[in-house]
Every structure is written in C-alpha cells, then in structure tokens.
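Each chain gets a letter, A, B, C and D, in the order it is written, and its residues are counted from 1.
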C-alpha cells in the first residue's frame, strides 16, 4: 500500500491539512436498496483522521464499458481508525458510480482526502436535529456517530420515497438517535408535515441546531424555521467538481454573507455551509 | 456466448466470407519466453473454419493502465473446431499486447474474424520450406498443421536471437517437420548461412515452395533464391490496421504485378502475398 | 412503433443512421445487411486516379485515432462502372462524396457523378485549394462560397457540404455554404492532429499529420453541429465520435437531422446496426414517437446569443 | 545525473515541468512541494473583479473534460497583495497569466503586474476582443499583433503568448506574436466544445460551451506545437493533454522547450512531481544527458514543406 504523505505547510487552511492520495482495498461492496450500495474499504489509519461532513475524491475503476475520467466526490459514510475502515454509501447514477458498483473484494480503489470542511458541533449545542433524505443520509451518518461520541442528544428525521427505500435507520438508532421516518408513499414526507414535526421538537426544547443536506426544499424549510426561532444550522451542498482541492474554481456556489453575495468553493470552503448563508437554487 | 452470424452476399470475395464478431473465453494465457505469450481461447466452432495465414482482429481489454482503442491484428497460431479452441502466440510490445497479457482464465475477449487470405498449398507442391523468425512462427505454425494434414513434407528453418528464444520447435516436430534451428548468438542465423541451408535443401530436391513472414531481409533472400531456381513462394506481411475488413485503406502496401506497381490491402488481399510480387521496404 | 424516418431536404431516409465517408465500403456488406442503413455514403473520389498518402496511414491516440489515408482513388470511370451498380442493388439512398483541388475540377467531377443511382452529392471541401494558398476550401467562407456556387450550377442533385473543424469560422463557412446553394451540411470532418513515436522520433503517420476521429472529436463536432443548426436553416448531419445511442441523441438534440458513424465501425463492424436497434429501444422507453421530436430540442433558453456564437474557449 | 535545466529566453528553469494556468493555485502547496516545479503559473487574472461563468462549470466527456470557469478574479490588488507574496517564498520563477477585453486593458494590467517577484507574463489571448467582433485576440494574426505590440511597450518582463486551438491560422498567429515581441509561445489553450445532457436536454455547462482539455486535446495541441516550432524561433511551451512522461517526451521531440500540465493534476494531484521523477528515469534509461538533446529532434526529414504547413486534415 503506497501512502503518499503530503507535507503540511504554514499556509495550509486548517480544514484541509493532511490530504492523502492513497490506494485502498475493497472489503465489501453490497446493495443496500435497489439504488444504493455500501462500499467498505480497508484504508491506512493515517487517512482516517476525518471530520463528519468531509468527503473523499474517488478514482473510479476503468473497464471497457465504463471509463470515468474525473474523480467522483463521495461523503464519508463511516470511518474508523481502529478498524482501518472507510465506508461510502452511494447511489448508482452514471458512469462513475456504475464502475464503483462493479468493484470486487480485494480490488484497489485510489482515494484522495479527507477533503473539505465538515460539520461543526459547538459545545453549547446539546440537542441536534438532523433532516436527511437519500444520499443525504450518507453525509449525515458520521455526524450521528460524532454526536454519540460527544454525548449529545440527536433527533434524526429520515425521509424516503417508500418504507422500503429507507436506509440506515438501525445505524441512527444504534447511535442513540430518536428516529422519525417519513415517506412519500405514506404521505408523511410533505413539507407541511416536516415543518410540523420540527416545530413540535422545537417546542419540546429538543433542537439547538439543525443539520441537513443537498435538497433545495429542505434548505428553504430549515431557513424559515431557523429564522423564526433563531436557530443555527448547517447544510452540506453538492456541486460538480474537478480537482476537489480548491484549484479549479468549478465547484462554486453563491452565498449570502450579510447581504453580500459571495462565491465559495464547495470543495474547499464547504461542502458544509451555514444554513442561513446558503442560497436556494 | 453471442455469435453474430453475418450474412454472405453474392459479391463477397471468397477469402473473407464467414466473418464473425464474437466473444471468446480465455482458457489460458502463459509466458512462453521472456517476450512471447500463448493465449488459448474457447471459441465457437463456427468461427474456426480458418485457413492458415488468416488472422483475427482482437478487441483488447481496457483497464486504468491500458486503454487500447483500435483492435489489434493477430495471426492464428492454432485452431481446432473439435476442441473449440483458438490460439494466438503474441509478443508483448505496447498498449494492446500488454493488455492482452493481463487476461485471466475465464475472461472474455471479443474477436473479429477469421480475416484475410491465407497461405495456399497447391496440389503439386509436395515439399514445403518454411523460414520463420519471432512472431513469424505464430503465422507459419498453422501452415505446418495443414501440411501435416495434407501429408506434405515440410522443412522448417526457425531463427531466433538465442537458443533460449527459440519457440515452437516441438510443435513443428510434432507436425512431422524437419526442423533446422539457427540463432544469432551461435552465429548461424546470418543471411549467408540461411542461403547455404536453403540452397542445400533445394539441391536435395526438398523444396517446391517457400513460405516466410514479415522480415525484409528474408523477403529479399527468398526473392533471390526463388528467381534463381524458379521457385514459387508466399509471404505474410504486416501493416498498421484500423478496420481489418478492407474499408479504410490504411493497411496498403505496394506490390509489383508484372512491372506495374499496385497498392493492395494487407487485411483484404493479404496478409499472404506472392513472394515475387512483394516489394522490400 | 417509433418512427425513425427523417428528411434531408427532399430526400427521405428510413432512419437517421448512415456511414461517414471513408469508413465504409462494399466490403461491409459481408458483415451487415446494408439495407438497414438510412443511406450509403461512399469514400471520397476524385476524377483522376490517385495513390493516397504514404504508410503508416493510421495510428492510435488516447481513446481515438488519427488517419492520413488521403484520397486513393481508382478514378471516376471505375466508380461509375463498378461502385454505383453495386449500391444499386440496395433500396437505400446513395450519397457520393467528391473532391478536387480546384473549383473547376470540383464542378467537373460533380457533373460526371450526377447519374441515375446517385441520390445526393457530399462535397468534401476539407481538401487543399491549390488555386489559392493551399488552405482547404472549408477553411474560409469565401472559398466555400466560390466552390459551392460552381457546384450548384453543375448538378441538380442535392449537395451536402462537409465542413472542417480546422476553421476558426465555422458559422461563417456554414452560412456561406447555405447561401451558395448547399442543401445540407455534414458536420464535421476530422481535426488536424499529430503523434510522434518517442523511440524512433518519427511522426507516427507517414504523412506527418493526420485527422483526429473517434470519441475525442465528439465534443468539438457537437459544438459545431449546434452552432450550424443555430445559424442556418438547411439540415445538419452530425458526424464525429458517435459510438453510442446517447451520442446520437445528443447530436439530434443539438439540432442534427441525421448522423454519420465513422470510426466506431472499425471497433465494432456491426456498430450501425446495433445503434439502430438501440435507438429504437431508447425512443420506445422514453415514449418518443418521432425522432423529429428530438431534433433541435436543446434547452438553451438561458444562453445569450453571444455565447451561442462564440468561437473561442471561454 | 541527467540535466533537466531548460531555458525560455533568458529565464532558466530547473526543469521543464510547470502547471497550466487555471489548474494550479496556492492550495496545491498542501499536496506537493511547490519548490520542485520548473515554474509557477497563476490562474489568469483581470484588472477588475469578476464572477466567472454560471454553474455547472465543468463536465466530463469521453476520457477528458470540458470547463467554462471563465475568469473569476478577485482583482489586481488582491493578487499583488496576497498571491505574489505567497509564491515569493519559493525559489521558483513566477509566471502571471493576464487577460483583458481590449488591448488597452491588456496593457494596463500588464504594467500593473510588472512588479518584483514576477518573472514573466503569460498573455491569455483566448478571450474575446470586444473592440472588434468579439472573436478572441488569438483567432487572427492581426488582433494578436495589435495586442502583443501594446503589451511589448507596457513591460520589460518576458511575454509568453498563449495560443488558441480554435483558430484556422495557427502558424500566422504564431508568427504575428513573435514579430510583435513575444518571448515564447504557450501552445495551447482549450478547444471550444459542447456536451448536452440527453435527459434534461440542457447543455452540460451553464455557459453552453466550454473548453476541451485532457488527453483528447493532445494530438491537436501537439500538432500546433510542432507547427509553431517549425515556423518561429522563440521557444515553445507545450500544453495540452499531458499526463504521462511519454507525452512530455513527445512534446519535447516536436520542438517544445518546456511543458505545462493541466487537467492531469485534477486526476492525480501529485502528477507534476511524479512526472518529474519519471522524466529523470526515462532520460537515464535512454542515456540522454540533457533534455536539450531531445528538443526539436523529430525526424521529419521525409516530409515536404507543404505537409508541415498544412492546416487541414488530409
């Protein structure tokens, strides 16, 4: 296993020190639902000093049928220095994730990371609320792990198309979370119902901070609720990436910093941003 | 196994009827010398109605390290309808053959063929002489098989850099050939010595026709000897190929047809040509 | 059943898939049923006999290829006596690609191939114009205009002008071709390129340079097809790097009315027939009844005109 | 030990490997030792603050990528106050890439970045010239000449003109740049291209079109580097699709004095350092003492001038 240790220099921004490009080995790669797979890698300890919300940039395999060129960004679903283990939960979409889905035990996967700025959990935040759907679960899962480690109380609202499509419920429960599931087929995943559930939790004093991921709908909802109750929150965002390191400026999104619109790089200043600064798209 | 049976139409030239594009399966892939490997494929019977001297056009595998794009032409080293077997003897040179060398048992290899016009053995030719070196052995081997089947007498002069680099000697012996080995390190592979050996065989009445492959040096030698003794001969030639089917005209070489220089396609009018018509390059 | 019919001017094709000139010949009849194709397009011919370029004529580059075949030609008589009758056995429009080094030469061969059995003439103007400075006709609107005007009066057959990606004036050339009477544009020919063998230090092609074709060319040719579709009203035939059904759909959405498949046939001789089946499947699955529903359906409403017509990388 | 030193005019580089503009930033310092590089080349800056293009700014195409980043810029002050001092900690020449939409704007920013710490100025003339018809300066010899002449009188620093593959007049543009005082040519920038999402039917780039970079560009840029090396006597810096040591050797043999690595760094952030080691190994194995022995050593003696200077696919 070649680890390319990369020198830390003075000017490195704190968030992305200790970036490694390294070969990992597939321990397992299994279907979780029809669309999602869990990839478990054996990785060197050194690269597993991660923050929840950070991501790795994966060099997907190349075959005659799939020839992804750029790396693919993937949130860390789980990491353990003790077990030398790194996990990704991914949705099979196009060229790159199809190639990932064909990885077999023992195969090599080159990863670059950990990258980006993850979620923060301020000491004074005791009650965490997390709102996740689809791929968002992958991103928010390690936050539950960390909350558990820090002894914080956690409410996880997990949304999906149907009860069958729900993922990681047991994982969140294991992390001591109070899990609420909502689905489209049951009609429980509407905006109104989400608002209702969150407002209820807030009224019970069970929310000091809210975390979410990706979706425009959820962002708007949490911005409204956050404004109303002066609650802080964080959101992990996605954007097309090339370098993943901050060089190419292709992953920018617009943010509203006290009325000034700025462009920030999702790979570098993000992928986690303050909910109130993020701009719906 | 998908066999794509391709219709024969009236205008098809006789040589390339029954061309198939088909997936075959690797039975073994082993190093023969430092540079050469033997690839044994399981192939459908239908595609194994071959002529010695014909070739297949191979779609080499694609991996992150090797991404050959065009097919690679390879002479048939051995074919057997009975065993559903197709063999290639190849030299590891660049992108494509390196990719071939990584094929493992059970892997799929898509082949297109059989292609081109092979060697002819006229009924009146009883004594065949074959002069081969390197990759040429691969091309001339099935000729020995065919000569053996037809009960012809065969002399095989096999040339190589060193005794260690000699290949397929046993194969030729099994086919009943009188095998003469010549090597650079022993100083026996000089033009003069080749000429000497062949002249001797001719004087013994052991040569009605001469076959060779590839090299400019050998072509010139056999042209001279053939002229001197009015002996017919055939040579298999190589040229860069794209389509392998006669469409792109990239594989042409010049030939001298009774004083007129013509351009012929190696993939279509060849790869086997009359020695007296071929032009040294 | 989906409707694959498409129209290039007056010419109706039963489906939009045809071979690219120079990557197709009578030989392919042994591998697939030529009756399945939307049209047959022959290798470019010249009036006189020609040898073509020195060997090697082809080499591989990352995921694609270069060629410098040149235009070996058995001459116009052989073509009329042998090739046209061969294709007449099929019930498929025959498109003949022609070339010459002067406008008058072009007009001459155009007239001579305007014979029964030929349904349209593809004009390969990517060849050097020896009357001017040796640059190809397709490099400039003025030279495109002058040759197309002569051709227009030399034949009544539909004229398809085949553009070159080597020009910096794609849109101007496309408009010049349209104005001077082209009935369709084929977009595009290969891109001038080079490769060197690092061991022998010789160019990998006998002719030093050659044309890039295959997947690497696709984003360039697609951009040109889009630019042309936006700037002229004659049909565009997309060509360059097509190897999957997704590639075909992309060209149709960009504005192409039909497409040509070149290099992909070298990798999979059955490519065109496979693509035809894939195209039918794709349309069925997407519930698209007519391919005409796809043509030019690109959703570029957000873009300003500036961007559509830009001719430089941003 | 092999000698990797190379000279671009008066400027001596300890090795021929440098990053391509826009694919490199201070951020890479966390991944590799910037002191190892032959030069540092910054992202193109403009005088004014700019936002860059709409998202998505990047997409993948077969074996390569398109980008339409545009030139987001924090403005010249930020650059002088922050970026130049950052690179001053390294013992490596700093090349600053500049752009503007008018010749005068170009001259202004050129003067302003001609400060200590800057060793050469790379002129990104692949941007639209809004004084004329909006085509990039690098599309035509005349516009290249006019902007380079103004720049020449605006600075004493070496000027590297970066050419565009979108022009049909590579050689004329190269000669115009040389005549008007360029000290070197960077060959080349990205090729205008397009990709469409077949499901949404939207262009994959927010800006509709973008520039092709990566392996697909190599045969095109290599051809341009060769043509330029044959037609001008100032040094050529090869750029386009370099990802292996073989690619570097190919450019050197074609006539490049140094090379730039762009997209490859996105795939392997360590690419430049790996290539440096590979280059040393390669030369050692081949028993080549000086890289200057490779530069321009292409064996093209068989080719006629016609072919060297052709500008169209054969």
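Just so it is clear, contacts are C-beta pairs under 8 Å (C-beta built on N, C-alpha and C of every residue); 3 or more make two chains touch, one makes a residue touch a chain.
None of the values given here were measured: they were computed from a predicted structure.
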* **Both-way neighbours, i.e. chains that touch chain C and touch chain B** => none
* Indicate the lowest number of steps between chain B and chain D, counting one step per move to a touching chain. => 2
* Taking CA centroids for every chain, report which one is farthest away from chain B. => A
* **Mean-CA-position distance for chain B and chain A (Å)** => 57
* **Distance between chain centroids, defined by C-alpha means - chain A, chain D (Å)** => 36
* Asked: So what's the Cα centroid distance for chain A and chain C, whole Å?
  -> 47
* Using mean C-alpha positions as chain centres, tell me how far chain C is from chain D in Å, no decimals. => 32
* Structure fact -> Where chain D touches two or more other chains at once, the residues are 61-64, 69
* Structure fact -> In chain B, the residues touching two or more other chains are 59, 67
* Asked: Classify the inter-chain contact topology: is it line, ring, star, complete, or other?
  -> ring
* Let me know each pair of chains that touch one another. => A-B, A-D, B-C, C-D
* Touching residues (chain side chain B, partner chain C) in the complex -> 4, 6-9, 11-12, 16-17, 19, 21, 59, 67-71, 95, 112, 239-253, 263, 268
* **Residues of chain C that touch chain D when the two form their complex** => 53-54, 61-64, 66, 68-70, 126-128, 134-136, 138-140, 164, 166-169, 189-196, 198, 200-203, 206-212, 215-220, 222-223, 226, 241, 246, 249-250, 253-254, 297-300, 302-303, 306-308, 310-314
* To do: Could you pull out which chain D residues touch chain A in their complex?
  => 22-33, 43, 51-52, 55-65, 67, 69, 72, 86, 214, 263, 265-270
* Of all residues in chain A, those that touch chain B in their complex -> 59, 61-64, 67
